[in-house]
């Protein structure tokens, strides 16, 4: 079960509120690279963890709980960035010139309103909501919890990689010192979390964890296809060489080689349509 | 651009059609672990590939094109597994006894119909469609193509890990020799693809690719938080020890340590609601 | 604006309630082939109709309003089919034998409950809801209203074709005389609606409406590609002959011919990744 | 920010694991009436709370944090109910007879597998995931946080009403004493939460909070339509009488009356389609 | 069944077409606070209404039918607001100055096009479509019809509260007198509908309807948790006092009190992963 | 199975990159009128094709494979249009004047950034992704493959009609010669594809294919309702005359006539709510 502290994990300060940056921060809340995703992903992995060693469940709970606080930080940042947003067309001017605006008594350029997520104005009263930077709600199908620890750890590395990438892009996008400070903290945490899941993979055996799952008897696998890089270029032109075209495989159990993809099966012929299946007569 | 061959990459044979297995195979077509996802993911990564070395685009195109053929194999397998499905309540009997059915002239137990995806009967005429095993359509937000090669390669390892895990579960679920044969081929290809993306990570520098992205100046990062495992247990009870709690970090740039999570920020106080924002009077 | 009459457009009678048929009927309510879709599609086409001749808006309003009554009929049919559904595991028996059930005092086989949409029990109190036969909610992106009358009329033919196909499959699936009677009425209306939208296409010029839109100056079109059937078979094997491989085109403006698809463009080379775009260093 | 305790808020015990009940419990996790929804809804309301009185934010944080523990309890209950599920067709028998199964060495009736959420087998390794009882993922558009406290409190009463209704249906559905015990606790908490949000409405002025929002100058409202119940029966037949057809309005500012709905506007005539809008020529 | 009148319920006039306001109005059509939602919600509640007193079904049909006319009004308003929108980049100028535009022969500032929903241009031919102000299609999972009248009435109050809030925000956002007039009518109707559903709650017993559902035997409830406000602040700091922390409960059946949330259950230990479930070896 | 050629089907050249046009092109990739839809639709129709004549499967494979190359062309066009996009607020100026920008050293007007899809910046590194012009991901429920060839061919005509309409709107929207050239090629291909599916309908019997499906015995249909145009105008005012109100029906099997819609059924009365269904007491 869970507890809260009303204070934030790290200070959130906005010098110059910017509704466009509020929109961009939404990606870090409700985007697929965002914090709702990692928070719920780690929780569901923890709640479904099976196996004798409970330390993975333990680790997942600690970090999932931390991530909940990151959503909170970002939601606060969104609300602060919206504090001076134009709430209506009445407050805007068609001119984009700040000089004109100053003269016109504080009106803001109309394009500021046009660039906002309209739901920030119409649905939330100038606050964050669980959607991405283009307004698409977060959909929990993105919560990966497969029941296989190694697969889950790779999913977590991916989540933290795209998450850190997003945080870096947000850091680059803003000039606000407070926002830069908050993001440099979140970037550091993403660094740790990338390290952490990779450390767990190391504990799960590193390459011994491969292929995932490692609990399937590989003699049942069509092993002649297990380390061959299949090329599909129309005329059989050899593919560009890379680590994946020759040399030992990463798991040390085979050697990479290249082969042109060729049909091993025939053209499929399905049975005729059944009389009561609603097809056209010609299909029966 | 693209070409086709009407034959299949690998033979698809179904000995005993089973509509429940048709339903389960849908997960490998339209599930988030499925083939539509990897096919489109590799294509979009290829089409957006930037950077001087075009061999990553090359590699992605080869494998994306191969995956398209895997969707085809699975769609064929679904159609073949549906060939003898009961299409209507008229063909079923409430009895579950095969003996009774034999006597009743071929009627099949009603629960076979109940266990089917109803859209296999009602919407497709006994064929595959791009949805998962519970009928949820595939949603292209699952196509990860971040513009960062290393992040994308980890996303690909994840996709092939959950994909191979699914293929193994399907292999375990069926008794049909033809289906087992097809799946053992797909499992082998997933082995290769896991290896392949890890090989690409190795080429991208392995741990030198970390943290992702590696093009952000880490001195800008709040580095005191970059290798600390934050514990959230309510009473500060130390977390379970693991590779991630002590020792050098995976990227070799720091050392893991543990710290209890404590608020570094204050309770956030947002400004009062604006008069024209539609809030209750009490909020202004 | 709109009015109602509490009576139904056509009688809805269920002799033997069947919760599985309730589930199947949901496809005709909230499936993409269903009545919510056509109802909203015709309304939005009407509400956005532009052009001097208001008779298309008139026609669309009449039929949209009729379709609303069809959703009502089907929702009633679902509720009636659910009247005797087992609401809980307590009411079921693991045995599937009706004889055993008779002895056990009216318990129903457990698989009847297993084959139900669980939301019929848990979320609606044994009534219809706007989702399909596998429980996926209707999503209004399926409402086609393009602003082009001819395109919309083809979309409507499609909707009524898949709708009549579904109604026929439901007719085939049930043994209940009341349900068969209701469906034979809905099938007749789908016949009319197919005819009606085709009649509108005839009024819009039939083949003169082609290609859609017909308001684009076709001399701007790369017309050498307008009537050529491009073949993609890997080895250039000629495609199967059909009405579309030779003879005059349907719009009478050209002649069909076949050509093997060949690249007309080069391999695309995108610019290097921008330094601040978060890509890996190798991509710059 | 947040903390956790590895123990559960209330004991979760499952006497007889039942995979169908695991499926039904998913509705309380990822259904629109479920715990993910209330948890995120209260958090987003708290994080965006504006106004001089911070006690609403305070209250929302306490209860949101509690709800997170409810998801955990339910996820645990799902995992425990799946512990003996048949993971494959190999473990099932077409017969539904427990006697036969006993003889056949522990095989379970095939319909048990057919009645399961297939993703419990194929995607999660027998654990909970954030989707509803028919497998539809939770979509965060259901998180209501409007920026108006009174509207939000009514949204919360609604969420707890449908939530308690669902918990009662689940209580009725199961025979397992452990599950009944857990649900009777959750039902009690839903009772409290209904009370709590109604208490907040009382503090916000009760009927003085009406209409919502109460910060709009009602003299701007077309008040002749503010308390009239508009009837739409085709022939003007009077509607059934109720508290809403006569007597003082609930807010005490008007009196209910009935009127037949009649058009106050004309048939809308839109401008012709623009030449470059892609419409058919007939529309210009 | 249903009838229509080609005229509108209330006049819709637009003085100065504004494509950004067209976008904002979409929220009132296809947003979760919008008219499609209430229309379908009241219809599905009506069509599934059970119970001896048919007056609730009667009431729901009257108001659902009225709401259909509101969608029509708003769709008309969207189309009228789009009448002078720039349909292409060719019609715009990079300059934002109206003076420059006047000189340049009627070109409009490019940012007007940038602020539009692109589907208004590309998909609808300058007409409304069933999506919200950020282009997200309406999804019918938002149609609440629970089978419990009191829960449904609270859901309806919520829908009309967020709906009126949205209408007020739109009223505040526009300067157009015609739009203000239309909105002041819709606001009045929302006032009535809030009153109406509250009146229905009064008829259903008011506090006697509580808790919802009221048909569950409360002695089965863990009543010691039914009126206790559980605090989750990490250190047990007492929560802010409110109507919900002391005094009689709203239903008069208990007294509010505060208690610190403490675990009543143990840390959950799930069984080991099954050998055939695809988990890592370490999990078995 | 499938092969690729790294070159494009047709050249893609962008003279003046425009991030707003990149956004608009997304509709042709991930919109419901776009290329992912037709590509997957034709593939799934091919993979599920049943019936003695395999030429339909053959035709579908050729064209599906071609469409895959169209997605590639459009994705390339998006990436090229994003090459000079402002990646951050730091690169923009509030001024909209290009003169000012020139002076300020290359800064671009801020509204250019505001008009972009934010995920182009934040999630893809300036590349295409499978979503529409307002950022909504493509959802595979739009892949129509009904198992009835004639219904599918009409669905394909619809897809190519809305697709060509979109391509024409994009052609009208841009001034860039390279983009116009690419679009005029795609428009030509859409012309062919419209013709092609209509040719297939001709081969399937033309009006003999009607109504769809044509394999249902029409004597089972309530044929008195098969050719009657039902009018719903409230007062029975006759509908506007059209081809659909009189004359022979399009299939030649009947004659159109008009009739006022009247209830043929009674008001539905559902059974009382079941005691254990969670309804209010008043409903039982």
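What to note about this one:
Which chain is which? They are A, B, C, D, E and F, in the order written, and residues in each are numbered from 1.
Criterion: a contact is a pair of C-beta atoms (placed from the backbone, for glycine too) under 8 Å apart; a residue touches a chain by one contact, two chains touch by 3 or more.
Source: prediction; values computed, not measured.
The set of chains touching chain C and also touching chain D is given as A, B, E, F.
Averaging Cα atoms per chain gives one point for each, and the point farthest from that of chain D is the centre of F. The chain pair from B-E, A-F or A-C that repeats the E-F interface, sharing more than half of its contact pairs by residue number, is A-F. Of all residue numbers that take part in the contact between chain A and chain C, over half occur on both sides, making this a same-residue interface. Work out the mean CA point of chain C and of chain F, and you get 13 Å between them.
Here the CA centre of chain B is 28 Å from the CA centre of chain C.
Counting only residues that touch two or more partner chains, chain B has 1-9, 32-33, 47-48, 50, 54, 58, 61-62, 65-66, 69, 76, 79, 87-88, 96-97, 109, 111, 114-115, 123, 125-127, 131, 134-137, 139, 141, 146-148, 150, 162, 165-166, 168-169, 172, 212-213, 216, 232-234, 261, 263, 267-268, 270-271, 273, 276-279.
Taken as a contact graph, the chains are fully connected, with every chain touching every other chain. Against chain F, in their complex, chain D makes its touches with residues 165-166, 168-169, 172, 234, 276-278. By the touch criterion stated above, chain E contacts chain C in their complex at residues 1-9, 30, 36, 40, 43-44, 47-48, 50, 58, 61-62, 65-66, 68-69, 71-72, 75-76, 79, 123-131, 137-141, 143, 145-148. Listed in rising order, the residues of chain A touching chain F in the complex are 18, 20-21, 23-24, 27, 31-33, 96-98, 109, 111-112, 114-115, 132-136, 162, 166, 169-170, 172-175, 232-235, 261, 263, 267-273, 275, 277-284.
Contact residues on chain D toward chain B in their complex (touch as defined above): 1-6, 47-54, 87-90, 94-97, 109-111, 113-115, 117-119, 121-123, 131, 134-137, 146-150, 204-205, 209, 212-216. Residues 3, 5-12, 32-33, 54-55, 58-59, 61-63, 65-66, 69, 73, 76, 79-80, 83, 87-88, 125-127, 136, 139, 141-142, 144, 146-148, 150-151, 154-155, 157-158, 160-162, 164-165, 168, 171, 181, 184-185, 187-192, 194-196, 198-200, 202-203, 210-213, 216, 218, 220-234, 239-244, 249-251, 254, 256, 261, 263-268, 270-271, 273-274, 276-279 of chain E are the ones touching chain D in the complex.
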